[in-house]
Amino acid sequence: MNKNRLEAFSDGVLAIIITIMVLEIKIPHSSNIQDLLQIFPTFISYLISFIYVGIYWNNHHHLIHTLHKVTGPVMWANLHLLFWLSLIPFASGWIGENHYKPYPTMLYGVMLLMAAVAYFILQGIIIKVEGKSSKLKQAVGNDWKGKVSVVCYFFAVCTSLKWPWIAQIIYVIVAIMWLLPDRRIEKFMQSQ
Amino acid sequence: MNKNRLEAFSDGVLAIIITIMVLEIKIPHSSNIQDLLQIFPTFISYLISFIYVGIYWNNHHHLIHTLHKVTGPVMWANLHLLFWLSLIPFASGWIGENHYKPYPTMLYGVMLLMAAVAYFILQGIIIKVEGKSSKLKQAVGNDWKGKVSVVCYFFAVCTSLKWPWIAQIIYVIVAIMWLLPDRRIEKFMQSQ
Amino acid sequence: MNKNRLEAFSDGVLAIIITIMVLEIKIPHSSNIQDLLQIFPTFISYLISFIYVGIYWNNHHHLIHTLHKVTGPVMWANLHLLFWLSLIPFASGWIGENHYKPYPTMLYGVMLLMAAVAYFILQGIIIKVEGKSSKLKQAVGNDWKGKVSVVCYFFAVCTSLKWPWIAQIIYVIVAIMWLLPDRRIEKFMQSQ
Amino acid sequence: MNKNRLEAFSDGVLAIIITIMVLEIKIPHSSNIQDLLQIFPTFISYLISFIYVGIYWNNHHHLIHTLHKVTGPVMWANLHLLFWLSLIPFASGWIGENHYKPYPTMLYGVMLLMAAVAYFILQGIIIKVEGKSSKLKQAVGNDWKGKVSVVCYFFAVCTSLKWPWIAQIIYVIVAIMWLLPDRRIEKFMQSQ
């Protein structure tokens, strides 16, 4: 399996996810200002989800960049990550229509948590395939960002049923943390 | 017709199929736990269908990999395969909303059966185009997996109206069988 | 503007059109055999539309294949063609839900007619850009197939309000006519 | 980050936007001529939006064409532009179903305005990255077209609540202005 094809397929899926999410913002039937205000929460959850897909697109690139050999496990670990990301339009649409509600907030967190775990698995498999001296291994280092995210998502899921707004603030904070580009890998790559 | 373009188009269609399926998981209007549990069967059928598209993407790659010349029949046999695969979101959505029901189970099986037959036809045409000494011919061998799948799907379709749960177990078992990568082609390719 | 990018964008749009059409086959809420039979006309119109997009994808490839320079007019003539083709999911969905009805049949014909005219315009502009000695010019020849299609579509649109079934038979016949690959261009290319 | 990947991802998103818009043209349930006429405004807004996406696709190409190095800010400025463009199907669908109404007209204008601003930001960042001697800087010149558009959109948004039809005429005029290809960049590139 060619690396470029894996990259192109993943990019295709991410491009579709980021774009079809908009179909979950239902067009109001009337045209007054109340309708516009009513879809505002949906718009916010759309924005957050858009940023999350953007983050994954960016990080996915860094991950695959160092890969040389696409094995079966790499391909399926990649599809596993895409599976959880493909649920974003659904989770985003549900939380958008039921802002501040416990269960949609929990589901959104579970999806983010599973995607983060899937990312971890993919990262681990790529490092294994590339060997101990893999560039990715050295570039990732102790990967505090990835670990912090998983802990945050887990904590958010736990609090979501009691205090959904805390969970939602966590989702925003983690997104902002990741928005700052992953300098570790970038710096390492430039120093090559 | 360039082989890369055929591959890119097929990958594009498969990426779209795998991603728009999520639009068939209808967002519940309220936000309680019952709603979440009610979409669980839809989620399961989404998962199975996701795996099936992943399997076809992977196998399709192996199939096209050995191809040198894209003729008219190859192009149309490929579109024929994509046609049946493009029905997955519909069949998956219907079985998801009507779990354990006979007709949706039958339709899902018919779609899988037709896709498997279309895959067989495409494989046969590629081997014909490439000639007796085609790498694919040697790599595929007696192709027990493909033949077993077709028999399984056919059997599942037959039982689906009487015992839909048997048919559904068959769909899961065949998916698991294919999840294991097609070592025949891979091994042969590596020995080149 | 790079030719590959025009080709990739067009392929992307065609891949999306051919795949989202399935979203117009509405999933029935119950699961009995009547529901399955009721969507049969939609399935047929889906099949015909799938074949038409496949034909345009194939012919579009031949058209762009001979192109060297992507000018503004070529780009916009190409987008013009994609515009009419992008209406296929809508026209196909409407005729599918209202089989044998005059207006949906007329609309489907108008869309096919406009797409054929847009194809003609694109072909004309490419020949102009490439100059009198253009390979496409020589390969297309007198282009009886294109001209016959336009006449057929026009005739179908005219009869659609009175005898929609005649129009629908014409759509099927023209599709079959085009299914046979455009040997003129292919032969010419191979003789180079 | 490779420039080709940024271009491919952007092209993918634009191809999806331009194609899924058609899903916002709801298929009428009956099949009479009134239904066809009723969707005419939706068709017009679909056409205008299609042209706008086409314009952005074309201009985006010119913008990225001169780029050498994809930095973090370039990537996020690009995603920012795609974000506003991704709202086109929603804004287009709403104005299509509520033609001549103030709020949908305003929203459409806000989206166009934000996309134009995002385009400006992306252009500025690319020029900064490429340095003072950047080809784009020289090619863009004083960029009267971009500035005029922003002023027009702003004016349209302001008038939309009082005289929506004026705003709508402005949207059409600006589209026509951009339809004429950006000869500045093209000419400059050819003179290299």
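For reference, chains read A, B, C and D in written order, and residue numbers begin at 1 within each chain.
Just so it is clear, a contact is a pair of C-beta atoms (placed from the backbone, for glycine too) under 8 Å apart; a residue touches a chain by one contact, two chains touch by 3 or more.
All values derive from a computational prediction rather than experimental measurement.
Student: Hey, what chains does subunit C share as contacts with subunit D?
Tutor: The shared contacts of subunit C and subunit D amount to nothing, since no chain touches both.
Student: If I superpose subunit A onto subunit D using their CA atoms, what angle of rotation comes out, to the nearest 5 degrees?
Tutor: Superposing subunit A on subunit D takes a rotation of 90 degrees, nearest 5.
Student: Looking at subunit A with subunit B, do both copies bring the same residues to the contact (over half shared) or different ones?
Tutor: Counting shared over all numbers used gives less than one half: different.
Student: From the mean C-alpha coordinate of subunit B to that of subunit C, what's the distance rounded to whole Å?
Tutor: Each chain reduced to its C-alpha mean, subunit B and subunit C end up 27 Å apart.
Student: When the C-alpha atoms of subunit A and subunit C are each averaged to a single point, how far apart are the two points in Å?
Tutor: Here the centre of subunit C sits 37 Å away from the centre of subunit A.
Student: Which subunit A residues sit where two or more other chains touch them?
Tutor: Answer for subunit A, listing residues that touch two or more other chains: 8, 12, 16, 20, 23.
Student: Are the chains arranged, by touching, as a line, ring, star, complete graph, or other?
Tutor: Topology of touching chains reads as a ring, each chain with two neighbours.
Student: Applying the document's contact rule, which stretches of subunit D touch subunit C when the two form their complex?
Tutor: Listed in rising order, the residues of subunit D that touch subunit C are 7-8, 11-12, 14-16, 18-23, 25, 27-33, 35-36, 47, 50, 54, 57-58, 61, 179, 181, 186.
Student: Which of the residues in subunit D end up touching subunit A in this complex?
Tutor: It is residues 1, 5, 8-9, 12-13, 16-17, 20, 23-24, 72, 75-76, 79, 82-83, 86-87, 89-90, 93-94, 97-98, 101-104, 107 of subunit D that touch subunit A.
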